[in-house]
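Residue numbering begins at 1 within each chain, and the chains themselves are lettered A, B, C and D in the order written.
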């Protein structure tokens, strides 16, 4: 395992220390070492935006703390849900009395810990509502959408929810916007290699040389099929087709595209993968309103990518246009 | 009618803590085969935190279980934190304020604990999880008391069923959690959670049985 | 080789296509398929900023095209210098009559091709002056600084030169600012794995498991030594010490820090590596004015990192503060 | 005094192009051992571009060399583009407008070409590069004409020296370029650039020698 770490059991602590030191203009630590918050949170009159999850997905989750995005994040061990207490403390750090929208992914541990945290928050007088992202089309059939995992579509959910909150939306309005965002969002991943949890020290699973796994999850959850490694153009086609068939996305739709590397993918290859996507969409009469390419939601040192489409309406476009400033989502102003 | 006293909790809890700490490596080793090798570490972290910061030998069984559950639930994270955390907390609630714990009460404790895990974790018998130890154990205990078996006999039945349940996971294919990634390849080894659950039930039963003797009038 | 590509001989073409499609708000293609330019270039009354180099270093080089940074880039094959014609055409794309500052790295091929291109530009009436980055302390002794390679310090050179040009600096002023930037900048890299040029299909060289190469270059040029893989804290110490001894950086210096992954390094590990750096500097009385962590200058799928310090004075701080908007360097405005 | 005519360039250039195209795989294979395996591809790309877009059989030797050099220099990039590009361009300049090319003129062409590569590439004899073919070949040619050898004899001397020079790279440790990464491990195989340079010189000499006969009065 060729990695830049100290004690493999302390990677999360070490990472958080480095993160806070570098991003002190954006984030502050809290009394709970596993909770980071936006330095200006809680923001008067604004619904708090909270998320959280296991570590190893950088920029997710702490990388989306910042202006117009997420107010507080509960941080778990690598690939392991944060504690209920971390979620609770994140709620507290984000709440300005207008309630908290907890926008997170659909993982067993997160579901349980958020549930517990909400019960406790309630008894402390904090109102928390949730949106559970389930954008990964490969993780369950469409008829069982509630079982699907949240993947990179979460980033767009945070951006939309965060913007709605900044616009002064009530808790219900924020929840509705974030829910609409995720309802309109579909993703799929392709994995080319495994990844190694530092404390484990050996690859989490195996993808044979010359093969790829279509529909792989962010922790290596099994995909739909393992096939021969295809060309970038064929991968693009396969991913686009799986996604658009699912919602479905149809003629005249306007969408946001997010193409994320899984951690060890050179940026060059993300652009190669992107090359055919605009044309494939054009062929179906679908137009791209905005596209984002980079490492937005990763899986340690996994090689591969996820592709995400979000169908836009006027409200979502308006919210997407609100510039965010976080480590993972930085938008230049004039 | 046999029973043990809520205030006799200290020894049960002490043995439970010792069991987990002693089996830390063993449990992680099992988890390593088809999981990420941290099950022993995770549980050890929780039980040690409880032992060092919350455990009070004066506390009755109910209060200790609640504190243990709360530490696991609040501070361990992952899936095991809330699952075992709820398990112990729900068992505790069943005996809150009670002086004596008889076989009927203990049966209810088990029911509450198992139900909590099922509701929270949404897994089923045969998914290769802690439930494959827990559900057979709970069932064996219930049947024993339905058949008017003594408390200690029922606990022995629970022990046997838990052990059998744990062993049954060896031939199962994991359906939930990390190991489900492996599909067929998860067959052939024990499930880590089922193993820790068996250790927990064995330890509890072994601690309770000697306590029962003192009050055994049957 | 588990990679997302089509024909390995066409990775550069494919990447450029995807890049232009995604960043049409920032860049445009030119008549030369191997030259990209800022969509607003040439900018009236502004000195043009040009760079160029082999591909595989994304965001470098095209990722720094944008507002307040680079105007045009000559693009080479993977790890191979662009043609003289590409440099020439980049000069043309950037020149608004005020001359062109060509700010590039000190690689044999680049030196030759830039030299040829400048001769040709001269005969077409375009004035070009150069700054050659040589920030890599590991690539030659201090007494032979002119032999040293340019590495991630180039990013800061572009930012400073770009800002000076936007401030209305003359060609000489821009050149002086960029030269000052690079004179004040020192870098060092550590490599943990090799990297694979897609068209070659096998690793470029080898670093044994459990070892690391201190001072490795951006194409795998040999470093100072191959040692046992150290902890992140020890790596940080080693890198900091090598850099500060070289300029040297001394008490009361204010510096900019740039910590870049080499392509396959999970972001988490960059933060782990960063953790000790502020304290190590504090111990020497050196303070951090700004720090940047991320993939700024990479080497395909190499695992490792480069650390760069730039000593600041009031002029450099002022220039560094000018917000840039490019794919690789995006800064949020209020 | 023997010479060949500038306007006889077509055949020399044709043979040169054929040589590079024919040896594309071979040169890449050699580069693969200690480089990145693209030397043949790089040269083939340049010579093919020249052949398809710029080569005019009517052009004299000087003009063809200039066009070839310019395509290599402008459109190939890397280090080989400017190095071989300058090499051919500088050789061309020496005979621009000349009708006849005698051994003295050819010697000057070589000098100009070698100097261009040295100035641009900054490598020395023994660094395991094209210079290890080129410099011995140039020297042998010079000595031969200093010793009043015939043009064709001098070219034969050049051929032998080039071949020897190329072979000498086998035992060298690379000091510049990609292969220098390998240090001692670069020993034991030929240098790709030295090999291509040998092919270029052999082809040129073999093309020129038969041309000389026609005018040979010596």
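Rule of thumb we're sticking to: a contact is a pair of C-beta atoms (placed from the backbone, for glycine too) under 8 Å apart; a residue touches a chain by one contact, two chains touch by 3 or more.
None of these values were measured; they are calculated from a predicted model.
Chemist: State, to the nearest whole Å, the distance from the C-alpha centre of chain B to the C-alpha centre of chain C.
Modeler: 57
Chemist: Could you work out how far the Cα centre of chain B sits from that of chain D, in whole Å?
Modeler: 81
Chemist: If you average the CA atoms of chain A and of chain C, how far apart do the two points sit, in angstrom?
Modeler: Averaging C-alpha atoms per chain gives centres 29 Å apart.
Chemist: Quick one: report the Å distance separating chain C from chain D, using the average Cα coordinate of each chain.
Modeler: 35
Chemist: Linking chains that touch, what shape results: line, ring, star, complete or other?
Modeler: Contact map by chain: line.
Chemist: For this structure, enumerate the chain pairs that meet the touch criterion.
Modeler: Taking the chains two at a time, the touching pairs are A-B, A-C, C-D.
Chemist: Enumerate the contact residues on chain A facing chain C in the complex.
Modeler: 2-7, 11, 14-19, 21-22, 55-56, 58-59, 63, 67, 192-193, 207, 209, 212, 229, 231-233, 235, 263-275, 277-278, 291, 293, 295, 298, 300-301, 303-305, 323, 325, 330-334
Chemist: Mind listing the chain B positions that touch chain A in their complex?
Modeler: Counting only chain B, the residues touching chain A are 32, 36-38, 73-79, 81-83, 85-86, 120-122, 176-178, 180-183.
Chemist: Would you tell me which residues of chain C are touching chain D in their complex?
Modeler: Result: residues 9, 76-77, 79-86, 88, 108-109, 112-113, 115-116, 197, 199-200, 204-205, 219-222 of chain C touch chain D.
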